[in-house]
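In the two assemblies presented below, chain A is common to both, partnered first by chain B and then by chain C.
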Partner chain A sequence: MMFRIENLHVHYGLSHVIQGISIEARPGEIVGIFGRNGVGKTTLMKTIAGWVGPSGGEISLDGTRLDGLAPDRICRHGVGFVPEDRRIFPGLSVEENLKLGLMQRSGRSRAEEKAEIDLIYDRMPRLAERRRQAGTTLSGGEQQMLAMARVMVGRPQLALIDEPSEGLAPMIVADIFAIIKEMKASGAIVLLVEQNVNGALAVADRFYAIERGAVVLAGDAKDSADKARLMDAIAV
Partner chain B sequence: MRDNVTAAPVVDRLALAMRASHVLVAIFVVAGLVFATVGVAMKDTFFLRLATEALIFAGLALSVDILLGYSGLLSLGQALYFGLGAYVAAVVLKEIPSFWVAMGAALVASLVVSILAGLIANRVRGVYFALVTFGLAQVAAKAVYNTRALGASDGMIGVPIVPIDLGVATVMSNSPAGFFLFTLAFIVVLYAISAYLLDTPFGRVLLAIRANERRVPSLGYSTRNARLAAYVLAAVVAALSGALYPMLRGFVSPELLFFTTSGNAVITVVTGGVGTLAGALYGSVILTVLKSVIGSMTEHHLIVIGLLFMVTVIFLPKGLMGFIRPSIERLIGGGSR
Partner chain C sequence: MTDVFEYIQFVLAPQMITGLALGVAVVLVAIGLTIIFGLLDVINMAHGEFYAVGAYVALALGTSGVSFWLLLIIVPLIMIPIGYIVERGLIQRVFNMPDRHVTTLLLTFGLGLVVEEALKVVFGPNTQRPATPIPGAIEVMGIILPTYRLFLIAVGFAIVAAVAIVVNKTRLGALVRAAAFDRNMAASLGVPVSLVFAGTFAFGVALAGLAGVLLAPIYSVFPTMGRDFVFLAFTVVIVGGMGSISGAVVAGLLITQVQAISSLIVSPVWSDPIVFSIMVLVLVVRPQGLFGRLGHA
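Showing the complex of A and B:
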């Protein structure tokens, strides 16, 4: 299984936001996507998830073309998306939010679905304690956990995680990164957009730096020379 | 502070709200039974038939609430399906005086029309959806209004009295108390089916669509299919309710498809409480009684209905049920929320 983006272009009207990005990732790999604000990181994630239509290039997962598909079909091909604003559904409880994430694994029995959700509760007891509360009554960190758990119950082949640590306390951030590592351990490909570059590099295997809608640097997250070049490239 | 939150009793809010609605519907049924008993004891006809009409229009309001309360879709044209059910039932009953054949025909007609109309209406959102549903109903109303075979502007009269064979008993449609009780049971069954469906994962997807439609497809759901299913469900509920109308009144007229019918259903739901289902039942009784009582005093009764609508929106934005239901929830939830 391989995730591949080739020469991707995205336009917002006349604005050429993504200018020929090419990326590759393999199962069990966390790939960091870094860059300053407004360089196209979130647009890249939204394009992979199908929220934004590409104007050129190809996106494929395990040989299946995803570009041009509707978001629900992309999801059913094994792509889970945790957007920047988490998008917990108001009016639905924690458990109902989690159950909505099971669509990626449709065809399962109720017992299997329950077992899947119980696994999440074992891993995240705070969600278990609050499972009947409205999702929007959770703290910011808990909402982020819920958004990630909602993707995890679907066991995606590719998880897109956009700015998971934004606005969260350091203790919660450590927990969030631990969850990301668990996704990797389960064999998923994780694409991680993160402003907390040092935190993300600690869990990532490889990275891409984006500038003005194009990849300007690719490197090994564990290589200190690559990390230094990344810091220069994104001027952190 | 956080530990206090953790220690708080665990309460399923949605399930509790639904249970509170069930309690309110149970109270509604008991009130209906008492009303029927008093009506029979006093040999009343007028008020029993008026209450039956209120129940029939409660079915229409229920259909509006399925769309507005659960999917966030404001339909200004639910009268299309109410009128469709009424006309199909009237036409069938004049040829084959069988309740079940008439209801079956109304069901099939509403399924076919709502799937076709739903494919059109669900291409747009928000105010455009409201306008498209309004337009579809107006087209149907004008078509009926100008079709001589359907009685044109005069409508169709002479719908026969039908026996409703329930297996254990037979109810005649001209029996004020009998048809009232049957209609009460029928509308409660429609409520129960709607409540059951909206309590399944399908209902949760609808709530998710209402909360944030853009996010839903990324969880693997087709919002178009879910919205269409809700639209068809609402249409069937409206049409089956409408099919009872010619049995009660013995006639149908194009006014059943007009905007005033759709508009009244929206006012009913807003008055009763959007997204509660039970509110549609209570709202319909309130609106029908007000229209009848005030209508007997002045021909300007719509001014009062309009004022009621404005007062409700300003002072009871969650409608009557939004005011009452929290107390019921506290009672059945042991005071924890």
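Showing the complex of A and C:
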């Protein structure tokens, strides 16, 4: 299984936001996407998830073209999306939010679905304690946990995670990164957009740096020279 | 003191019960309207005509011998594919246009006119009144109450309760609420949003049709019945909060009581201006209505 983006272009009206991005990732790999604000990282994630239509190029997972498909069909091809602003449904309880995540994979029995939810509650006991509460009454960290958990119950082949540490306390950030590593261990491809570059590099295998809608650098997250070039490229 | 009791017993209470029956009737029409607005963000100007279609289908089938009780099941089942086709064939075609609100409003307004004129052509312009399915009246504490109105109140509350349970307590309802709040996120979790949209629109249309069956014996059947009734339903939806089921129920019962009681105090011709003034006041003071939208906390 391989995730591949080839020569992707995205326009917002006259604005050419993504200008020919090509990236690839393999199972069990965390790939960091870095760059300054406004360079197109979130647009890239939204385009893969189907929220934004590409104006050119190809997106494929395991040989299946995803570009041009509706978000629900992309999801059913094994793509999970944790967006930047978490998008917890305020009218739904924690458990209802989680159960919605079960829609990502059909064909599971009620018992299997319950077991999947119980696994999440074992891993994130705070969510279990608050299962009946409205999702938006949770703290920022708990909401991020819920957003991640909601995707995890679908066991995606490709997880798109956009700015998971934004505005969170360091202890919670460590837990979030631990969860991302668990996703990788389960064999998923993780595409991680993150402003906390050092934190992300600690868990990532490879990275791409984006500038003005194009990849300007690709490197190994464990290689000191590559990391130094990354810091120069994104000027952090 | 006796005069006060007699006024309550023979004037106020019957008037309030008549208002309650009308309130339940308006809620039945408004609830489909508000669900469609809450989920699709579409102001369905043809909703009244779907209510009229339900009444006419019931009239036609009733005339050919189908029992009223069977109509309560058959008519909504007939309305579901009609609603589904309208959503898929018309609403979805313009749904992603930048000026969606205006386009869908005009589109459904036009559809309503087409349906109204078609009803005139097929069934004629005259008013028709189906037989009351449950004739007679019962006396409660000295007040004579038409049996069918009491039945309507009971069935109306049961339907509203059933809809509230489905929307608020089931997984299907959770899908609807999630899609109403954030269609992209819901879709990215695998919710088939376009199917949910079409299904919910069809459900709203079926509710309008069911209201048509239930209300025809009281308010009669005529081609413009939808237009007349839907103004009150729109008022209820706006006052209750566009997209709120509980808002539609509270506002529907409140507004019809205001209408009923005010007509005892001032001339009944003023009851409509009073009710529509409440809508204007709510839009100015609390534009979001009394309650929140579907899918919002």
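Rule of thumb we're sticking to: the second predicted complex is superposed on the first by the 236 of 236 C-alpha atoms of A that agree within 3 Å, B and C clash if a C-alpha of one lies under 4 Å from a C-alpha of the other, contacts with A are read in each partner's own complex, and residues count from 1 in each chain.
In this section, a residue touches a chain if its C-beta (ideal position, glycine included) is under 8 Å from a C-beta of that chain, and two chains touch if they have at least 3 such contacts.
Treat the numbers as computed from the prediction; the structure is a model and nothing was measured.
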| item | value |
| --- | --- |
| Chain A as common anchor, with chain B and chain C clashing or fitting | clash |
| First (chain B), second (chain C), both or neither touched by A:Lys99 | both |
| Partner chain(s) touched by A:Cys75 [first = chain B, second = chain C, both, neither] | both |
| Touched partner set for A:Arg131, first chain B, second chain C, both or neither | first |
| Touching partner for A:Gly219 - first (chain B), second (chain C), both, neither | neither |
| Contacts of A:Ala49 with chain B and chain C, given as first, second, both or neither | both |
| Set intersection of chain A contacts, chain C complex versus chain B complex | 49-51, 70-72, 74-76, 80-81, 83, 87, 89-92, 96, 99-101, 103-104, 106, 134, 150, 154 |
| Interfacial residue positions of chain A with respect to chain B in the complex | 49-51, 70-72, 74-76, 80-81, 83, 87, 89-93, 96, 99-101, 103-104, 106, 126, 129-134, 139, 150, 154 |
| Complex contact set, residues of chain A against chain C | 49-51, 70-72, 74-76, 79-81, 83, 87, 89-92, 96, 99-101, 103-106, 134, 136, 150-151, 154 |
| Contact set on chain C toward chain A in their complex | 171, 174-175, 177-178, 180-182, 184-194, 294-297 |
| Chain B residues touching chain A - in the complex, by the definition given at the top | 2, 6, 10-14, 201, 204-205, 207-208, 210-212, 214-223 |
